[in-house]
Amino acid sequence: MNDQAEGTQATPSPIILETRNLQKDFKGFTAINNVSVQVQTGSIHALIGPNGAGKTTFFNLLTQFLKPSAGQIIYDGKDITHSRPAGIAQKGLIRSFQISAVFPHLSARENVRIALQRTLGVSYQFWRSKRVLDQLNEEAQATLELVELGDFADTKAVELPYGQKRALEIATTIALKPRLMLLDEPTQGMSSEDVSTVTDLIKRVVEGRTIVMVEHNLNVVATLADTITVLNRGEVLAEGDYDTVSTNPAVMEAYMGTTDAA
Amino acid sequence: MSIQVILAQALLGLNVGVFYAMLSLGLAVIFGLLNIINFAHGAMYMLGAFIALIGYSLLEQWFGISLQIGFWASLLVAPVIVGILGVLIERLMLKRLYELDHIYGLLLTFGITLILQGLFSNYFNVSGTPYPGQPESLSGVVNLGFMYFPTYRLFAIVFSLVVCFATWWVIEHTKLGSRLRAGVENPDLTQAFGLNVPLMVTLTFAFGAGLAGLAGVLAAPIYSVSPLMGADLIIVVFAVVVIGGMGSIMGAILSGLALGLVEGLTKVFYPPAASTVIFFLMVLVLLFRPAGLFGKEK
Amino acid sequence: MTNRILFILMLVAGLTAPLYAYPVFVMDLLCFALFACAFNLLLGYAGLLSFGHAAFFGGAAYITGYVTKEWGFTPLLGILAGAAFAMVLGAVFGFLAIRRQGIYFAMVTLALAQIIYFLALQMPFTGGENGLQGIPRGHLFGLIDLTDSNAMYYFVFAIFLVGFGIIYRTINSPFGEVLQAIRENESRALSLGYDVDHFKLLAFVISATLAGLAGATKAIIFQFASLTSAHWQTSGEVILMTLVGGLGTVFGPVVGAITVGALSHELSAFGSWVQVILGTIFVVCVLVFRRGIIGEIQRLASRKQG
Amino acid sequence: MPPDQRPELLRIENLHAWYGESHILHGMNLTLHEGEVITLLGRNGSGRTTTLKAILGLVGRRTGSIKIHGTEVINMPTHRIAHVGKLGYCPEERGIFASLNVDENLELPPVVAEGGLSVDEIYTMFPNLKERRKSQGSKLSGGEQQMLAIARILRTGATLLLLDEITEGLAPVILKSLDEVIRKLREKGFTIILVEQNFRFAAPLADRHYVIEHGQVVEQIDAADLEAKKEQLNRHLSV
Amino acid sequence: ELTDGKVKIGVLSDMSGVYKTLEGPGAVVAAKMAIEDFGGSVLGKPVEVISADHQNKPDIGASTAREWIDAKEVDMITGLDNSSVGLAVQGLANDKKTITLNTGAGTTALTEEQCTPYGIHYVYDTHALPVGTATAMVKNGGKSWFFITADYAFGHSLRDNTGAVVKSLGGEVVGNVNAPLSTNDFSSYLLQAQSSGADVIGLANAGQDTVNAIKQANQFRIVQSGQKLAGMLVFITDVHSMGLDIAQGLQFTTAFVWNQNEETLEWSKRFYERHGAMPTMVQAGVYSAVTNYLKAVKETGTDDSDTVRAKLGEMTLNDMFVKNGSILPNGSMLHDMYLVEVKKPSESESEWDLLRVVSKIPAEEAYIPLSESKCRLVN
C-alpha cells in the first residue's frame, strides 16, 4: 500500500520484516494465532488492538524475549526465528520498552556512549583504560542534540524528567543506527504535551529507518502510522492505513465499542 | 541388599526428612513473606534444643529455680521463647533492612548466628550434651516387622508431618493465609486496605523461628544437643528450599521429605556422598528447573 | 583523587610492613585482600553474589600445591597453574550459573562449590582432612630463596599488586562500563545488543582467576593446602570482608580483609568469644555502617566537598 | 443539598511529601464533601498519585494535616487509616494479587464499615468476574483486572474511594462500561477522588476538578464553570 | 644457655570445637600446673605458657605455630589434639627445628611415615588403642567385626590397625562403612552394621561422632539385641556426657584413669579444683609432657632442640601419668595402657567415678616395635 521508493534503494528488499503464520501458546491458551504481517522498509507500522489482543506478546516474539510456538520470523531476508536476543540487536533490530529503559546512574552521555561503544569493538577489552571511549564523546553529543538533550549530557539519567528519559532512550536506540526500531507504547501514561514531543521526535528520527510500534493512542497512530495492523484475540482483524482501518466495522466493534471514541 | 534393609533405611531417611521439611518450611515462610534469607535458622534450631535441655536439667543449677520443664512442656515453651527472640530480631534489626538487597539480611542473620553459636560454645560442651528428658511413654521400640524402630522417632515423624501440613493448609486455604500471601506480594497495597502488615511480618518471622525451635526440641532426644548442631544443617536446608522452589510452602515440605529419603539411601549405596548428594541434586534442579521443583518462574 | 592517595598509602604500608609486622601474617592478609578484591569485582561491579568463591581459592591452592610438590614446578609456575585451574573452573561454574539471577545464582555457586569441597575431601591427592602438606616454597626464578621471609613477602606483595592492578583496570575499562550498564538495567543492555551472559561470564572468570591466584599464593606461603580454604565458611568470610571494607569500592576489600583478618587474629585467644565479637561487629556493620569503612570515608569526604 | 453544604469528609492542609530525598508535594490544600466526585488533573509527575499515596501514608515522609471525618491521620500507620477513614484505594497499577484467585482477591480487604456490597451484588455488577472466580489474578485480562480492582473495595463498606488512573491502557470498549460503574457509585452516594489522564472520561463524572502542578493545587474548577474555564485548563494541561 | 632468656611453651589446641573438652582449656591448666609444680622457672629463667585455638584446621594450626616459632620465641609446642593439625604442625616444627610433644592426636603417621627428629607422640596412638580393646573383645567371642569409620586419616588408620589386630587373633572383618566426619545421625550406618550380623560394631571415630553413635545404638536396641559396641577412642568426658545409663559396659583403652591410685587421685583433684572437670588422659599427658621437657632443659642446661631431644630420648619417664616410659627415636613415647570398662550406674560412687580398670596393656604390646617401624629415622 505504502511503497516508499527511496527505502527500496537502501536495502535490497522492500520488506524488512515479515512473520509467517506466527503462533504463541501459553499453556493451552493461544495468545498469537497464525499472524502473518509484512513491514515495508522505511515505513511506520502501528499495531493496535484491545487489551489482551496479544500486541506485547507479538513484540516479545519478534525480539526473541519469547520463543514462538510455531511459524517464522524473517528479518532482512533471513530467518531469525531462533536467533539470540543480542544477536538480533547486532543486526540492527532494536526494541524499546513499555517502561522507560535507561541506565539510571549513568549520565546521559554515558547512556548514549554505551550504545555507541558496541560498534567500536572494544567492549570485552578489560585490559584497556576506558579513556579509549572518549573518542565517542563527539558523536554522543551529536546524538543527544538530535533529541534536544544536548544541555543535559552530564546529568544522570535518573534525574531527568519523564519525557526526557523517553528522549534519552530513543537517543540511545538511534545511536545503534538501527534499521528497524520496535517501540512498545511509546506514549503510554504521558500527558498530551509529552505525547506530542515524543510524536515529533519519532517523526524526526524515522528518516532512513523503519519503525514498528504498539500504541493505544489513536491520535498518535493517526499522525504517525503509514500502515496499521489491528490485532484481536491474537489474530489479525484488519490491516491498512488509518482511514481504512478506523472505518472498518469489525474494528469499530471490537476496539472502539461501536461509537467513535477516538 | 534385602528389601527389609531398604525399607528400614527409607524410614530413617524419612526421619531425617521431617527435620529438613520442618526447617525448610520455616525458612520458606520467612523468605516468602520477608524476602529475608534467615541464616540464623540453624542457630534457632539449636536454641530450641538448648531451651529444652536447660529447662529440663539446668534451671535449678543455673538460676536456683526449682522447676523442671518436661519434654511436652518444652514443645510449647521452646518455640515460644525462640519466637520471642524472633520478634526481637525482626523488630529491632531486620525491619531496617527490608528495602535493601537480600544479602544484607543474609549477613545480619549470619552475624546473629555467630553470636548465638559463640555464646553457647562458651557454656556448653561442643561435643554435645545428651537430653535426658525423653518421656517414658515414648522410650520403647516399635516392631515394624522389618525392624525395631524407636517409638520416639516414629512420634517425631508423625508430629512433624502434622505440623508441616497444618502450616501448609493454613497458608494456602484460609483467609489468614491469603492475607499473608497478599502481604508478600504487595505489602504497601495490603496495608492500604487496612491490614497490619508489619504485625503480620513480625508474627510470621516469629512463627518461622518458632518452627525451627520446635524442630530443635524434637531433635534433642535423638541427637546430642550441641552449639554447632545447626551450623552445617543450615546449608543443607538452604539447598532443600532452593530445590523445592524459594518461597513455595509445599515445595519446601515435599522436597525436605524427598531429600531426606535420597540422603538416607545414599548412605547405603555410597556413604561418602551422603552429605553432598543434595548439592548435586540442587545443581541439576536449578539447571533444568531454575525456579525449583515447585517454584513459579518469575 | 581519594583513590590516588589511598593507593600511595597502600603502597607505602605494603612496602614497609615487614619492618613492623610479622611478615607471614601480612602475607596472609594480602592473600585475603586479593581474594576479597576479586570477589568485589563480581558483587560490587557486576552485581553477582557468588557464594562459592572458596572453590576457586581452595581449588587453586590444591593444584599449586600438587604441581610444585609432585611435579617440581617452580613457585611462580605453580601459582600460575593454580590460577589457570581457577580460570577453567570459573568458566565451568560461570557457564552453569550465569543464567540464574540473584539468590539462585548464589545458590548454584554454593552448590557447585560444595561439590568441589566434596572432591577435595575425597580425591586421593588432596590428603582429605589432613590437607596437602609440605608444599615446597622453592626458589623464585631459580635464584631467590623463598624460605626467606622477606623474599617471600615481597614476592607475595608483587603478586598482590599485579592482581589488584588487573582488577582496577578491569573496573575502569570499556568492559567495566558495559558491566556497570548491565548491573543498572540488564534487559536494556541486552536489547542494545550486548551479550549480557558473555559479559557476566567474563567477569566471573576474571574474578575466579584472581581468587585462584590468591589461593595459590597462600598455598606457597603456608606450604599447605587445606579444606578450610575450600569450605563454604571461607566464601562467607570473603563476603564479610568485602562488606566491612565497602562493597563496590576499589580499596574497600583490602581494608575489610585487613580489618577482619587482624581482628580474628588478635582475638583468637578468647576462644568462642571471637565468634561473638565478630558476629556483633557484623550485625553493627549491617545495621548502621552499611557502606563499609571505605564507603563511609568516601561519603564523608564528598560531604565535605559538597 | 448542594455539594459544598454537605458535611466535610476530607480536608488536606499544607501537605508535603517526600520519597527519600526528593520532595514531591509542596503544600497541597484540598477539601472534599460527602458524596462529591472530584478529579485531580495534571501532567505526568505532577504529584497526583503521590497525593493519594500520601493520604494513605504510603510515601516516605509527609507533613501537614490530613483530616478524614474530622480525625487527624497524618501520623497514623497506614493500616489504620483505611479503617478510620473508611477508605478504599484502587492503585495506579491495579494491584491485583497474582498469587490469589479472583475470590481471594475480592475478599482480601477487611471490612471497614457497615453497608458494603455483598459478594453476590458485586458479581451481579461485574458478571464476567463471576465466570472467572477461581482464576489466578495474573491470568485476567487487563480489563478484568481493572474491574476486580474496583470491585474489591466496594465490598469493604468504604465510602471514600481513591481511584488512580483506572482507564489507563484500556480499550475504548471497556472504558464505556467503567463509565457506567462510576455513575452508579455516584448515585449510591460514594465520595470519589479520581486521578485521571483521560479528561474526556473524567469530565462528565466530576463535581469539581483540581489542577495539580509541581505538587501544589494551582487551579480549582467547578463542573459548572468548566466551559468558561476551558481555556485556562487547556493551558495547564495543554490538551 | 637459653636462647632468649626464658622458656616458652605453646599449648595449641582445639579451644572451641569438638575436641575442646578432651584437651582445650584443660590442657592449658595442666601445663600451668606443671610449670608451677616445677617451681615456675628453669635454670633461673622464667617459664611461660602461650595458648591458641587451632579450630581443628591444619592451616590455622600450622600458621599459628609458624608465628609462635618465628615471632614469639616459642620453644616447645604441645597439645595438637587433631591428627591433621598434629601432622601439619609437626612437619612445620621440623623445618624450624622445634620440639613438639603431641598429646592429643591419634594417627600413627606422626611416628611412622611422617616421623621427624623433633616430633614426639606422647599419650596414645591408633595402634595402642585397638590392641587392648580389640584383643579383649575378640577373646570374649567377638570374632566378626563391622566398622563404622570416620572418613579421614585418623578413622582410616584406627580402622586398619584394629582390623589387623582382629585378624591376627583369628577374627574377621565383615564390613565397613565410612561415615563423613561430624555425622549427627548414625542410625543408618548402625542399621547397616546390624544387618551385617557382625558380633562387634567397631567405632573407628572419636569425640561427638562416637557419642552420637553409641547413643543412637542404644535407641535402636542394638546392644540389647546381642551385638557389642567397641569404642576405639573414648575419653572420660565422652562417658560423662553420655551418662552411665547409656555407656555402661562399654570397654575401651586409655592411658590414664584419674582415680587409679593415690598419686593420680591427688593430682586429679587439684586439677578438678581449677578446671571443674576431671582430667582426660590427654590433659594428664600435657602435665607429664611439660614436666619432662622442663626436666630435660634443666639437666642439659640449654633449650637447644637437638640437645633437649637427645636428652629426652635417654630419660626414663616417671611421674603420676607414666611409669617407666621411654621415648623412641621415632618419637613414640612407650608406656603402659589400660583396658577399662564403664561402670554400671549402681557401681558409681560419684559424678566422675565412671571407669573400672580391667587390665593393663604393657607398653611393648601397645606400641609398634621399633623393628617394625616405617619411620625413616629408624630403618
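Structure notes:
Labels for the chains are A, B, C, D and E, by order of writing; each one numbers its residues from 1.
Here is the rule we go by: contacts are C-beta pairs under 8 Å (C-beta built on N, C-alpha and C of every residue); 3 or more make two chains touch, one makes a residue touch a chain.
For each chain, UniProt lists the protein as follows: A = Amino acid/amide ABC transporter ATP-binding protein 1, HAAT family; B = Amino acid/amide ABC transporter membrane protein 1, HAAT family; D = Amino acid/amide ABC transporter ATP-binding protein 2, HAAT family.
Worth saying up front: this structure is predicted, and the values here are computed from it rather than measured.
The set of chains in contact with subunit A as well as subunit D is empty. Note on connectivity: the fewest steps through touching chains from subunit B to subunit E is 1. Look at the CA centroids: the one farthest from the centroid of subunit A belongs to E. Set against the C-alpha centre of subunit C, every other chain centre is closer than that of D. Computed from the mean C-alpha positions, the centre of subunit B lies at a distance of 44 Å from the centre of subunit D. The geometric centre of subunit D is 78 Å away from that of subunit E, both derived from CA atoms. Centroids of subunit A and subunit B (each the mean of its C-alpha atoms) stand 50 Å apart. Centre-to-centre separation of subunit B and subunit C, using mean CA positions: 32 Å. Looking at subunit A, one finds that none of its residues touch two or more other chains. Annotation for subunit B: residues 121, 272, 275 touch two or more other chains. With touch defined as above, residues shared between interfaces to two or more other chains in subunit C number as follows: 121, 271-272, 274-275.
All chain pairs that count as touching, in label order, are A-C, A-D, B-C, B-D, B-E, C-E.
Against subunit E, the residues of subunit B that register as touching in their complex are 2, 4-5, 8-9, 12-13, 15-16, 121, 125-130, 132, 141, 147-150, 152-153, 222-224, 226, 228-229, 232-233, 264, 267-268, 271-272, 274-275. Partner subunit B is touched in their complex by these residues of subunit C: 43, 49, 96, 99-100, 102-104, 107-108, 110-112, 114-115, 117-118, 121-122, 232, 236, 239-240, 243, 271-283, 285-287, 290. Residues of subunit A touching subunit D in their complex: 49-52, 161-163, 185, 188-194, 216, 254-257, 261-262. Only residues 175, 178-179, 181-182, 184-186, 188-198 of subunit B touch subunit D when the two sit together in their complex.
By the touch criterion stated above, subunit A contacts subunit C in their complex at residues 63, 84-87, 89-90, 94-97, 101-106, 110, 113-115, 117-118, 120, 122-130, 132-133, 172, 176.
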